[in-house]
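Here the structure comes first, spelled out in structure tokens, and everything after it is commentary.
A, B, C and D are the chain letters, set down in written order, and residue numbers restart from 1 in every chain.
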Amino acid sequence: MIVVMKVGSPEAEIARVSEELIGWGLTPEKIVGQHKVVVGLVGETAALDPLQIQEISPWIEQVLRVEQPFKRASREFRHGEASEVIVSTPSGAVHFGEHHPVVLVAGPCSVENEEMIVETARRVKAAGAQFLRGGAYKPRTSPYAFQGHGESALGLLAAAREATGLGIITEVMDTADVEKIAEAADVVQVGARNMQNFSLLKKVGAQEKPVLLKRGMSATIEEWLMAAEYILAAGNPNVILCERGIRTFDRQYARNTLDLSVLPVLRSLTHLPIMIDPSHGTGRAEYVPTMALAAIAAGADSLMIEVHPNPAKALSDGPQSLTPDRFDRLVQEMSVIGKAVKRWREPAMALV
Amino acid sequence: MIVVMKVGSPEAEIARVSEELIGWGLTPEKIVGQHKVVVGLVGETAALDPLQIQEISPWIEQVLRVEQPFKRASREFRHGEASEVIVSTPSGAVHFGEHHPVVLVAGPCSVENEEMIVETARRVKAAGAQFLRGGAYKPRTSPYAFQGHGESALGLLAAAREATGLGIITEVMDTADVEKIAEAADVVQVGARNMQNFSLLKKVGAQEKPVLLKRGMSATIEEWLMAAEYILAAGNPNVILCERGIRTFDRQYARNTLDLSVLPVLRSLTHLPIMIDPSHGTGRAEYVPTMALAAIAAGADSLMIEVHPNPAKALSDGPQSLTPDRFDRLVQEMSVIGKAVKRWREPAMALV
Amino acid sequence: MIVVMKVGSPEAEIARVSEELIGWGLTPEKIVGQHKVVVGLVGETAALDPLQIQEISPWIEQVLRVEQPFKRASREFRHGEASEVIVSTPSGAVHFGEHHPVVLVAGPCSVENEEMIVETARRVKAAGAQFLRGGAYKPRTSPYAFQGHGESALGLLAAAREATGLGIITEVMDTADVEKIAEAADVVQVGARNMQNFSLLKKVGAQEKPVLLKRGMSATIEEWLMAAEYILAAGNPNVILCERGIRTFDRQYARNTLDLSVLPVLRSLTHLPIMIDPSHGTGRAEYVPTMALAAIAAGADSLMIEVHPNPAKALSDGPQSLTPDRFDRLVQEMSVIGKAVKRWREPAMALV
Amino acid sequence: MIVVMKVGSPEAEIARVSEELIGWGLTPEKIVGQHKVVVGLVGETAALDPLQIQEISPWIEQVLRVEQPFKRASREFRHGEASEVIVSTPSGAVHFGEHHPVVLVAGPCSVENEEMIVETARRVKAAGAQFLRGGAYKPRTSPYAFQGHGESALGLLAAAREATGLGIITEVMDTADVEKIAEAADVVQVGARNMQNFSLLKKVGAQEKPVLLKRGMSATIEEWLMAAEYILAAGNPNVILCERGIRTFDRQYARNTLDLSVLPVLRSLTHLPIMIDPSHGTGRAEYVPTMALAAIAAGADSLMIEVHPNPAKALSDGPQSLTPDRFDRLVQEMSVIGKAVKRWREPAMALV
């Protein structure tokens, strides 16, 4: 349920309403929108009468039920308004959200050594990226495949961060590693295979860094939003959703089927920012640029693109990685669409 | 197998090479590209030695094997060059292909009566469409649902064609109706449910009107191209492929999953033009505009969009139809992306 | 809607009720069950009041609404009673249905020549089969693959029928061939790729031979029953449903995923008999026996199994065909389960 | 790679061969089969020459390469022989494997309170079950749904174990809980959502209790066996695979599609025992019995069935739970098929 306050409601009155609702056994969450303040209510609301709540204060404009099973993640919970996730990086705060320019995240699948990660960071930064992605802990299908350099790779990411000012996004796979990774990363990533690892979701929800939540490879949109709800319910409001390709009947040419229709669907269901990962989404470098352009035209808030200095020698996911040169060109191509839809950062900012 | 002729090969020599190859029991098809002429060979080529063919003439540059199971549909068969499908309409020839502006096809799911179809035709023409879509024969899940007005609807489409100069695209469902429909339509459509109705494919391949081949709802890309191959092999080179959403595990919010990744994948595999149908692809009018924009950014050669004067009262597929007003606005939105990617018709032409 | 008549209702009264309902603009269908007579009603029933119908006669016990979109195919339409499809063959009538022994259908994918089809027919007959399957017209993914011997193969099937007394099941792919095939076959098959070829469904529904309706490779159970409804609505009550494997995300080891859970699901939804085809269902001969045993334990009314005298040389589907010897052994294995679930024909009958 | 020793090879020679191979940088694993001893080799074997290894000892019969990416899990690794997982329970050792009777596992989705779990345990034990299933930690789609009683439920399972002598199977969701659960359970379960939680797989592979590995809802068979390989590679050879339904395009009537074809496929690929869970596999109690019978006919080594004293009031998964009475009847029905395929425990044993 949400309580929509009238424009101009005094702070004290909003606080009083919240207090009263705590007395009713509910958990109120104050959401300050551009024009209005909304008080979201979580708890046993099924039996409550909206009219009864309305009587608490003359400053209450409306009391509405959230029909979706995902409450805090639903667009209704914010009375239709988008949220933004603000991430602080060495180069300043970066805003993810539908009223902000597209944020570019780029980097290799895994952190291989200091030289490659710092060099890649410099290149993607120069091209216009604001975040470096790179795996320290890697979920690999085979136990005999390279599993990531783990803790030592976190140090290398820190070096790349310091050298370039880029924010860091890296994946956590084990509840036991959450603290360590949250310390090193600016955004903590939960991967597709762990989208319904509920212990992990609760744990990343209980720490303070923003969370990037990848869609499970056969997760429905509802399941994905319920996974986000786990993080929100645990107290962390900063969740970015990332589509990375779903599993379908046809895997002959592309590794996954990038589902761009999540863009209009999620926009209507949730207020959370949306990132698209065409690299995992297609699994083939040659298909990445086209899908990146489509994602921007469709309104993506952010793009995550794999870039490796030498894809042919990558320890993982080489076939889907762009070279730094190809990424440079892609950013140019993206800027054409990005400007057309008025979601592109000013060149001046890109040079910062 | 293909025989690539050297630049400047004399016509007579190409004819002689073809003659000779007929003598070898093969079926040569001459393909005139922008720079070169290629002779495609169909038949029992597995045992042939390319070098042996090369010796036929000093004007032969190269003899290459087509590795794909789809021969005539493969990009290799045209030595990498795109084909174009030219459709003659009352307003002149319209070109579908990757070197041409995006072609807009619009109209209702089914032809309901003369007034609605002529009125809709006028509106979509004014907005910039070059083709009118509209079903006379409708494939409906239930035998108790409206099955289309059949033959009489073909007359109504003719009226709309005459009134507006738009080309007509309509679906054929029965081999017995092919002639009748080919007479009325400028492009004959084979629907998703009949993509592997091989009798129908052979029949539309044996007539002269261009064919729009929709992807089956769980057809792999290879199966789809093999279906196109049936048409090409039957003698009709004018095939347009249309993606209209595939079936996946999640159908809660969208009716199908529009697979835009076919754009880069098909581009690398085939020379045929590609159309995207975001209306069937999502099944919900509110998601159509976003996906239409994404399709253009991804390089679609054509878009098919359902427009109905009164979606709430449509006899079929109302929920996925745009109103004429919304379509007007969408064309404006599309033109922004279309111009950015240099695939938009000049305004002057749109007024013709 | 269905009208359940009281036990002992006079024939004349049932006729009178039907007449009256015709007067209301409905199409009544009399269904004689084991204990009761039910009058099924098709037409515009949404606005009717069951109580009003009840008043037509004191012999009416109940008037019930059929909630499913498939009316005639629904179990409710027969007030919960199973139907049986009786096929006359040279060796007498064969009953398909849940109160009858499992019917075995066997034979090659395609009819290759007289010797092979007659020989295979003798072998499967000796093993216990009552029907011979064999394709005259073959739906092949590639236009360059063997397309079946067509009309001449129908003659060879007739020869095998005469030589062995087996019933014949063969596929129709084109509305233009329905008559010809219905003349040659005891059961006309509509294949998976044509499950939603509605023109074909109407045509086979308008002729008299029983129809075997294979499930489309990604058809939902509801769509499949709606396809059956097309045939029933066209006047042919004799439809057998055949599961032959669905398309899923994993095709590495098996060609399709045989969905045996259709057995309990269909039992609750429809009265029609159910056949299982583990040959197409798995695509690999080595997996066929296990799935055939499972199908019988799960209550299949019939099994269709591909048998070829020399699978390695088959013109189509060799990898999924059993040799006649392996089929002999499989029938022995099936008889163990068949007897355990009391659905096996007496040996004496098998020798007939 | 595997080294097959000749029949009668002296122990000392096998030890010497192993020592020598350790010297080559490999990890040998001795597998004692019914007739022969095989030494499995893990490590960098790609560059090794089998003939070179053969020269180590005249007692070596053959050296073979394991072609599958899953090494220890592959059937080849044991030279074609099935493995068995022996679980010690208060009532003695229970054997899971293809040469043993079907093992029944039954119980509620979650442990709700002492009375319900002990009562259910008594009932399923009396019916013939050897293991009690019951969730202490529950993976739930919604953060607001009942999450299991956690640690206190482990105590209740211990009480039920003591009261009945049944073995206990319960799920672990967090690496931090592995020890605690391994202490309470006789078999530790990894659920479908965690099938590719590689941190968890490594952790359960490093402890001593047998592991039940459920198939992920859209995991390919290869991915599933690679997940098993993680556990085997971590040192735990006792893995039971459990099919619990996959996700497909049709979820209207059944929650998942139970994929029984894993039985013949897994038999050919792996030596590990196979369990089938028709309760999650269908999601509806009414479909469970039919699929349980099919599973036994298809050769399942074990069945897991949800039983709840009052399904309508279950805190989770009520719709798919059988009542104890229905379970009693199902065991009778299963025994008919189980005896027919000679995989049923003698009644005398059932009474123990």
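We take it that a residue touches a chain if its C-beta (ideal position, glycine included) is under 8 Å from a C-beta of that chain, and two chains touch if they have at least 3 such contacts.
Predicted model only: the values in this text are computed from it and were never measured.
Trainee: Kindly list the shared contact partners of chain C and chain D, in label order.
Mentor: In this structure, the chains that contact chain D and also chain C are A, B.
Trainee: Any idea if chain A and chain B meet via the same residues, over half in common, or different ones?
Mentor: same
Trainee: Could you quickly compare A-C and B-C and let me know which has more C-beta contacts?
Mentor: B-C
Trainee: With centres defined as the mean C-alpha position, give me the chain A-chain C separation in Å.
Mentor: Each chain's C-alpha centroid was found; their separation is 50 Å.
Trainee: Suppose each chain is reduced to the average of its Cα coordinates; what separation in Å results between chain B and chain C?
Mentor: Those two chain centres are 36 Å apart.
Trainee: So which bits of chain B are touching at least two other chains?
Mentor: Expected reply: 218, 247-249.
Trainee: Over in the complex, which chain C residues touch chain B? Could you list them?
Mentor: Checking each residue of chain C against chain B gives 42, 69, 71, 139-144, 147, 173-177, 193-194, 196-202, 217-218, 223, 226, 229-230, 233-234, 247.
Trainee: In the complex, go through chain D and note every residue touching chain C.
Mentor: Where chain D meets chain C, its residues are 218, 220-222, 246-250, 252-254, 257-261, 263-265, 267-269, 281-282, 286-287, 289-291, 293-299, 336-337, 339-341.
Trainee: Enumerate the contact residues on chain A facing chain C in the complex.
Mentor: Chain A residues touching chain C: 218, 247-249, 251.
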